[in-house]
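Two complexes are shown next, each including subunit A; its partner changes from subunit B in the first to subunit C in the second.
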Partner chain A sequence: MRELVILCVEDEPEVRTVLVRDLEPFARAARIEEMTDAAEAREVIATLATAGDQVGLVLCDHRLPGLRGVDFLVELQADPRTRAAKKVLVTGQAGLDDTIRALNEARIDHYIAKPWAVRDLQRIVRALLTDFVIEHADDLLPYVRVLDGERILEALSDRLDD
Partner chain B sequence: MTRTRLVGLVAAPVVFVLPLVADVPGLGVAGERMLAIFLVALVLWVTEAFPLHATAMLIIGLQVALVSEQAVVALPGGTELPHFSAFYQALAHPIIVLLLGGFFLADGAAKYRLTRNFARLLLGPLGGSPRLLVLGVMAVTALFSMFMSNTATSATMIAVVLAVTATLPPEHRLRVALPVSVPVAANVGGLGTPIGSPPSAIALANLAEAGVRLAFVEWMLLTMPFVLLTLVLGWVVIIALFPPGPARVEVPIEVSFDRSGKAWFFYAVFVITVLLWLSEPVHGVESTIVGFLPVPVLLAAGVFTLDDVAGLRWNVLWLVAGGLALSTGVAATGLDAWLLGLVGWHTLPALLLVLLLGVVALGFSTVISNSATANLLVPLGLSLAASPAVAAEPLAVAVIIAAGCSMAMILPVSTPPNAIAYATGALRIKDLATVGGITALVGLTAMTVLGLQVWSTLGVLP
Partner chain C sequence: MGRADAELERLVVDGIDAALGRPHRERLPAGSLLLEEGRAVEAIVIVLDGEVGLRRSAAHGDVGLAGSATGRIFGLTPLTLDRRAFFTCAAVTDLVVIRLSEAELDAALRADPALQVHFLNLLLRSLARRHRRTTELQVEVAQLNHWLGEQRDELAAALHDLEQAHLQLLASARMALMGELAAGLLHELSNPAGALARLTAHLAGDLEAAFADPDDELPARSFRQGRASAPPDTRSARRVRPALEEAVGDRRLADQLLAAGIDDPAHARRLLAALAAAPDPDRRLAELTRCHRLGRQLQMAEELIGRIGGVVTTLRRELQQGSPVAGDVGAQVEDALGLLAHRLRRMTVERTLHPCPPVVEPAEALAQVWLAVLASTVDAAGGRGRLDVEVGPVDEATVQVRVRCSDPRAGAVLARRLEPAAAGHDASAAHGAGIGLALSRHVVERGGGQLELLNDDAGTALVVRLPTAAAHPTPRTGTPRQGPGCASS
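== the complex of A and B ==
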């Protein structure tokens, strides 16, 4: 089966550790991949595409070494392999222009300000991953327990027949 | 592609060609062609090499092309066959129209969240007694699945149930008892009305073709005693296996009925249609005529939009229609008599034969689609009942096969309701197999042994 993957792009090791720890409840639904910058993320995306896995969600810091977060998200929006993925900008330091560009060109699905509250982050990730699997996953059954069960059950009843 | 599908794709052409090239003793050319089509249907429905509805459409197409009066490959002179339109007519069979009306009501109920709210309203007061809560969940689930698809009912009820179990400690027995009760009740409940699930509709349609026309309530009288019996039995088994203890549990009672004008209009149409179905003996208007009522009314009122129409489960209607067309062809070509002649049925006592049909239906529908099983078995069962060698009551045969198809609740893959319950992660395969297996087998046996007696007491036997 195609595996669902969450990408976490964050250069600061401490912040990345906290982010991955806060995403732990979703590890049963998706594999969590960590990376430090856009260049590394591109490699991971290429590997995933070869393996046939699906990027469902990208959580991306803005202030990254090399390409900035917003520009990288714009790039992902243009890439057919990642266009469908839900995109979240996680930052404390994006200016107005960058934020506007993130909305209009990267079509980000959410903006999370640092520092985040665990509950908020998990609520947002649960909602976005649920949207993604309802729109794109072949089999919804494995997600009933981990994501928004009620919405997934509703989608299931539209897909399955007696 | 799975191995099963691959087997289907390879086997289908082989079983299709064999009866056409080999001379089958006892069958004419039309019968041989129909045998080829029947075998293709069997292989494709069992392996699901094509989607079920695709196979159904293929069957209609093949019959028009090969065994109709206008067959594109000519038949020997003197062969009496139906006009090709007889096969297309299956698509608009009165039972298909009845199901369509049922789908309008069911989809409307989902759209206005009628079932979800109703479930919470009914279950709210039962938190004080966990045992009664399980029974309540089963009763509400069965009631809904009498009018909606078993799958949609299960999805709604599992969502309601998950909201209850989320508040319970990890070891609480209700965490298993409630999710396992939903598919049992949804599967059994589908048997309760002609529109409850496709096997019921298929049984009713084939009975009508065999000259036994049943009113909506007559079908209910046939099945409901056993639906209730099976539900209570299932409840007893669940409570025995997972005794929940007496402590009160919280049932979220947040209920918000849609009070918009369109919602009220829909509620009214729903109630009127159901009341007209139930009162057929009083006014005499057939259920298949009443069943069309919601269609123009909800469309004209704008309650049902074009998107809603596109979202209807047309594939289910087509699957049932394919089965009805198949039974037309099987009867018209004499294939039914030939198939039944392969087995010495008369050596079996009638009662055992009826039970056997139910168990075969149960076995098939445990591994393949309930509707496909009913499509294949109901026409054969009814031909068997009509043959002079066997003294079986057609009603009993049709109902028991529908029951066997509807009680496939042993494996998670048997029907979507089982799969949905299993997906909650609360049950082990063993739990479902134990509860579902005991309930189905005892329920079917009770129906076989007591059926004729109960039905003649209720006055539903002709």
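== the complex of A and C ==
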């Protein structure tokens, strides 16, 4: 895995700016790519795949131009390049049907309601990225100080035992 | 009873008198019962003088019967059938009667063949009269049934109207409640929003002053560039990044330069060359990045505060009595568009607003109509595509508002919302579309206007036509009335 990437798909520039800023503590562990809509996200995913980078986490708004966030996450779940990525639906407006679809079909890992509390957002992102790197990263050491160090060290210990 | 009947009765009475030697004339006071319904009848009663009344009991009380069908001899039918009186026969005035038992009647009839003929004739005439009356009653019953049917239909229509009125009342109550909530919310929002706008302006001034340094203009310039920058465009940032990365030789550095508002490779190279002379180039770049970001964040905060302020201003105007846009349909539609700005962000909105003469319907009611028409159309179009809003006079007597979306499928949704049954539970109303389309049509039609749906392959339009005040010069007196669904504050 060359570089870990977080995708932020949000069409409102102000909300996206705040989201990216709130994710800044993770910038040392993962590159943060921001995009406006699903089409742009698809282009970025293709570029990342070509470069060998891996999408570890997708934070996706529900009300995207032209496509609902949950439908895009379902699409990502079916795409081998992004199936393993942790998926978070960020919205204040998804209905019950959308939420059920997100859980069952997109296998979303979390649902964050807007407006979010920065502490909750960072706690969720830290836990999900930690899961991802434990499951998929060959080298865990770079993530010890940025993500959940205790769990990563346990995982390192388990790997040594194996 | 005709003269022939009276003559026959006289002949019968004379025959009975002759045969039975003038039977006793009985005098009965008013109120006396000659026959009692359901009781056995032992004698016929011939009324020689006075008036009698007939009645029969029914499920909901006694029913008075017309005596004209019976003649003046009572008890013949019971004697010939089951011997029980079919109705009650009572003296209305004092009476003079002859009572004859069946045996006495039989004896009289046997004694005088002429009496038999007269009696039979009288009996036949009585039966014929009763038969005719029965037929008349059947006709009356048919007419009554028809009348009842009409009454039932009218009642059903009245009930339907009542239900509609009830639904309108519910919608009105809901809108009134929403109005109260909006007024409360407005009060809570208004002061903080105003203070926030001023605080942001002060913050901008203070930051400008803090960065002002004649010996080092870069931080102030970065701040100002950030504040003047357009909303970040993720695609163009991604497009310029490779060239920037190539110019500076490092992707993270390229990202940092982009965050500092520098996307031109030549500019980046010059800046890095200048920074190389600084004691700590990395720290200096971080400082400039922070200045740019401060400016950009401040600009975004100002933009967001401006949006909140716009909503507060529009809402305040909507809630105030004697709205300054009364009669000005174009301004009302603009206000409604302002209130719905958050739902129009993904649509291309084209406004064509021509000055209009004042209309009849009060602004408070129309404000709800424009909100409902616009919000319903936006909802039906899924909040995407193109929205054309045209306001203008058709002629001196009519003003027209046309709201058209580019989605022809929206027509089916809007048609359902226009149905009266949708008035009480229009989903669009639940999502902030005001009183809903069905009630809006009612408001428009009440004011002498029309609200119609036009649909073709290229799109869907709701068209509202309203009579101008000049065409309907009858002034509305008193304070502006509360239309259905008007917010009360």
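FYI, the second predicted complex is superposed on the first by the 159 of 162 C-alpha atoms of A that agree within 3 Å, B and C clash if a C-alpha of one lies under 4 Å from a C-alpha of the other, contacts with A are read in each partner's own complex, and residues count from 1 in each chain.
Definition applied: a contact is a pair of C-beta atoms (placed from the backbone, for glycine too) under 8 Å apart; a residue touches a chain by one contact, two chains touch by 3 or more.
Only a predicted model underlies this, so the values are computations on that prediction, with no experimental measurement involved.
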Partner chain in contact with A:D138 - subunit B first, subunit C second, else both or neither: neither
Which superposed partner A:D97 touches (first subunit B, second subunit C, both, neither): neither
First, second, both or neither for A:L153, with subunit B first and subunit C second: first
Interface residues, subunit B side, partner subunit A - complex: 110, 149-152, 154-156, 158-159, 162-163, 190, 197-198, 311, 313, 315-316, 370-371, 415-416, 419-420, 422-425
Subunit C to subunit A touching residues, read off their complex: 231-235, 238, 296-297, 300, 303-304, 345-346, 384
Contact set on subunit A toward subunit C in their complex: 11-14, 16-17, 34-36, 40, 44, 65-66
Interface residues, subunit A side, partner subunit B - complex: 141-142, 144-145, 149-150, 153-154, 156-158, 160-162
